[in-house]
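Listed next: structures, encoded as structure tokens.
Each of the two complexes below includes chain A, the first together with chain B, the second together with chain C.
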Partner chain A sequence: MRGLPFDYATRNLGRSPGRLAGALVGSTLVTLLVIASASFIRGMGASLDPPAGNSNVIFLGAGSEESVERSEIRMQAADVVGTISGLRTRLGQPFISPEVHIGLAVRTDPAVPEGRLTPLRGVRPSAFLVHSEVQITEGRAPVAGANELLVGGLVSGQLGVPDARLGLGEVLHIDGREWRIVGRMRAPRTVIDAEIWIPLTDLQVIAQRDNLSCVIATLVPGEADITDAEILAAQRLDLELAVMTESEYYATLSRFYAPVRAMVLATALLVALGGILGGLNTMVAAFASRVREVGTLQVIGYPRRAIILSFLQESWIISSCGALVAGALGWAVLDGVAVRFSMGAFGLIVDAPVLAIGVGAGLGLGLLGALPPTIHCLRLPVGQALKS
Partner chain B sequence: MRHPRFVIPLLLLTLIGCAVEESPVQTAAPDLPPSLFLTSPPANARSVAEVKESAALGDEVVIAGQLVGNRQIFVEGAATFILGDHSIEACHPEEGCDTPWDACCTPITERRALSATIQVVGEDGKPLRTSLKGRGALSELKQVVVVGKVSQRSEGVFVVDASGIFVAGGDS
Partner chain C sequence: MIGIECRALTKKFMKGETTITPLDSLDLVIEPGSFLALMGPSGSGKTTLLNLIAGIDRPTSGELLVDGLDIAHLSRSRLARWRAEKVGYIFQLYHLVPVLTAYENVELPLLIHPLSRKERHARVQRALELAGIADRHDHYPRQLSGGQEQRVAIARAIVADPPLLLADEPTGDLDRESSTAILKLLRKLSEDLGKTLLVVTHDIATTDYAQATLHLEKGRLVTEPGEEQRHA
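And then the complex of A and B:
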């Protein structure tokens, strides 16, 4: 087959700068929209997944298995959980974290009448053993009785303030009192990243409760398992405990949020579809105006397949450039951006699979944008094409 | 381009090879004592409420009740179950309850006060690592009589190590 030289496709790009710019911007925007949609879905999904390799079990109040915020168990439960043999320990300290989870209005400005509902977690220092994914990136852990807070990386997005507003020494207003930020933490791709941690007793005072939401314990694989925890829960009927692995808990949570995720997915697909149709329109318009050129190439003797291939090359060069620009933009601008939702916030994730989806969509746009108008041009009789 | 004839069968074999999963390592469940399930009801059985009120730690007891009072009656993977007093009323399926044995219409504090934990222990004193569900016709809402010894007894905690279980209507 006599083919058109690759130069023909590349030189054609510069023939009409306006058309090139339009197609380039179109493909960049489409890819960016697809990346944004995919990163949203991936970010939300990842925030509901438990950390990998986790051997934590959660003791909740019986009947509150679907929501740790609704759960209430006695303080005594933490000591009882400590009787399980096979708990992980470090320097004699068992990996047991009694916690209170509650959503409270947090204000950055005392003059603002209403704060933003933010997930707060009351913890003891042992929480850092159980939640090994948490890293204090600045400052230190808060001390009980001193009105101190440890703030997650996505809380600024949750509160709608710049990240600098939550620096060390800054003050937040909770329950009519001032609380000083003494530490910043990160726990990427978990719900913890959108939380504020506060000493357990301090949160119990704020919430006026003397019980816990849950007790989280880490088991040593091979020495203890979920059955040991279930036996304890069955033996201690007085504590009214339900127990599940952290993976099960997050799976339950994920099922609970499945309709929300489906809605988000549908919205993201519609947005991406809108973008693709818009981009397609630009590409089709750019190629459909080249009927005479297609006719001329046929007269010179180039077969139809060679013309299609050359136009596809041209289209793919544009869409590849657009996809690369969009990928770089998406990675630089969107990755880690906090998005608020009912149970806190999650960060958009722009990683390899998301970039692959975006680039794939961009290349698909290149194919769909060039192929139909080229075929349409080729269907016209050569004489008619030359006159058009 | 023609592909050698062996390419497609090779690809198919590769796919089949990928699809075959290794079966998980099965650890043998420990056997229950052969005399555990009784063929006739033991004499002098008392209700869960009566036994909980009067029995002391280490006492031999004969306790009659129903497998009711908790959403999860059996512990999966351990010879442990919850025994409720006859006075705990199970919900009715026609009330829209899928798990009538959880007796969700009865307050949880009342259910807990009228429930006991029954377990079959091994030589180490720990529950055997095998579920009792379906063994000796044991299932939710069954009426049973348990013979055993009180092994844990404190405020709100009542655990009986069973040596014999009679299941009413069961084929032991």
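And then the complex of A and C:
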């Protein structure tokens, strides 16, 4: 005794191009939708994860631990932080980065009245020591007093312009003045990727402030830890400093955005679910309409498991093709795409886990789309099946 | 050749509160190799009887021996295997698989059996020729007339060489000319190949081709085959 040959499944597909095309497009779309949802959730999550393996501590204004944009500390704090022993140094330069974080309207076109709120970070060159995940991919770091900018990889998506518009030498309008882009940087999967960096003093002028948002310092593990930083903050109560590790800071940030993330997650799940249900509906209808074929095969003498197997093969051929196409498409098109979020942006991430989820959903759809309707067909008494 | 014995064969269906009894304690013996026509008003239980004999459905009570085998008590998978070997079923509406060619439709029952491709080809060819439809082997069902479709369906029913052929109103959807051709073909299968044939029909002409005619009414045989005038 043998079952239905593999041919039976492939022929059934090949001979009804309309149905094949419909099913293929459907399963591709569903898989793509799931990949998009997963890459969205993953990208958003990753941007709020701390950079791996870093021993940075952040000094913020006490009471502003949840938002560096609201934090204000005195300039003097940078020098005080320098007194911690066990700070990392290179060529005598300590890893201390005094920074101003602020969201300002950035215009690509001066004629447009409203710019887009974009995260700006005022930095000194030491910022590149502290934020080792930042890589200047083109050009150089901006020099103070020359109206120069360094632009992150997701800023074009954030501003809604093609990336070429932010090439070296291009101009952006901030605070009624022209700023020239002299460098491009990447810090994938971090909030920095969506930022524009400006020399610290320039940003202080724009923002009309003479203080800092935070000071970030890198400790040498084993020589200093967060306790040393906390002791310093406690000794200098006059500076009103709060201190936390960068990991803690990101964890706080994550908690702050948790409700938003939950909403995003729910939305993404709903979208994916909608797609899956739609795809399922089509597939179930397609298989359920083959009641008579199932009845005929049974009369001919095919055992039920042979029929189930053949229908599953058919459905899996489609869904694995769809999953493959969607996976390739998702990886090629979606990976790294900027999504505006809050004041900044994050990049979609299509990596192995995301692809696995998408392809798994696609294949699951193949199983769910074919199995219940086939079983339904088989449950029907053969005589009734043939009459329908 | 295959014979059939029914004793007190009963089939009931529950429809909500009411019980329908399409077959009511039916006694019937079909000799091996005979060609019987089965007539009766619509709803008299003809299809029900055919489905029981084919092992598609199970009797509620009574005995049913096909070729001496009590098929009512076989498991579903054993029954499927048995059907693949012993029964060819011909439907009023042909039930060809629309995406397969005539050839592929006829080949379908052979794929269950361990046969070489060459052997399969020879058998499909022979069945198509016997059914007089070999010239249309590469046509799809939608490209065939009703009569031609039924020929393909008959080829499919005989291709695995089952000793028992069951046909449920095989000419019910055909014009007179095609009907006559199909009936002649069925008689040839009975005479030349010794198949046992049970043909449900509304078409009085069928009785001209069959050896005897059974009349079913409300789930009972009203006259034993042979007792009645064949040309009634």
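The criterion applied here is as follows: the second predicted complex is superposed on the first by the 384 of 388 C-alpha atoms of A that agree within 3 Å, B and C clash if a C-alpha of one lies under 4 Å from a C-alpha of the other, contacts with A are read in each partner's own complex, and residues count from 1 in each chain.
Assume a contact is a pair of C-beta atoms (placed from the backbone, for glycine too) under 8 Å apart; a residue touches a chain by one contact, two chains touch by 3 or more.
Keep in mind that what you see is a predicted model, and the values were worked out from it rather than measured.
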Margin query: After the alignment on chain A, I want to confirm one thing: do chain B and chain C clash, or do they fit together?
Written below: fit
Item checked: Which superposed partner A:328 touches (first chain B, second chain C, both, neither) -> neither
Checklist line | Greater chain A contact set [chain C / chain B] | finding: C
Margin query: Just checking: does A:258 make contact with chain B only, chain C only, both, or neither of them? Give me first, second, both or neither.
Written below: neither
Notebook entry, point to check: In the superposed arrangement, does A:237 touch chain B (first), chain C (second), both or neither?
Noted result: first
Checklist line | Apex chain A: angle to the C-alpha centres of chain B and chain C, given in degrees as a multiple of 10 | finding: 130
Notebook entry, point to check: Regarding the shared-chain residue A:63, is it in contact with chain B (first), chain C (second), both, or neither?
Noted result: first
Notebook entry, point to check: Where does A:21 make contact in the superposed view: on chain B (first), on chain C (second), on both, or on neither?
Noted result: neither
Note to self: On the A-aligned overlay, A:293 touches which partner chain: chain B = first, chain C = second, or both, or neither?
What the structure shows: second
Margin query: So in the superposed three-chain picture, is A:266 touching just chain B, just chain C, both, or none of them (first/second/both/neither)?
Written below: neither
Note to self: Just to be sure I read the superposition right, which of the two partners does A:356 touch: chain B = first, chain C = second, or both, or neither?
What the structure shows: neither
Next item on the list: Please indicate which partner A:383 is in contact with in the superposed arrangement: first for chain B, second for chain C, both, or neither.
Entry: second
Item checked: Distance of closest approach, chain C and chain B, by C-alpha atoms in Å -> 21
Item checked: Touching residues on chain A, where the partner in the complex is chain C -> 1-2, 4-5, 8, 11-12, 15-16, 292-293, 295-304, 381-383, 386
Check: For chain A, which residues count as touching chain B in their complex?
Finding: 62-63, 225, 227, 230-231, 234-240, 242
Margin query: Taking the touch rule as given, give the residues of chain C at its contact with chain A in the complex, in rising order.
Written below: 47-48, 51, 54, 56-57, 76-77, 80-85, 87, 89, 91, 93, 95, 97, 99-100, 104, 108-109, 111-114, 156
Notebook entry, point to check: Given the complex with chain A, which residues does chain B contribute to the contact?
Noted result: 70-72, 75-78, 80-82, 108, 112, 115-117, 119, 126-127, 129, 152, 155-159
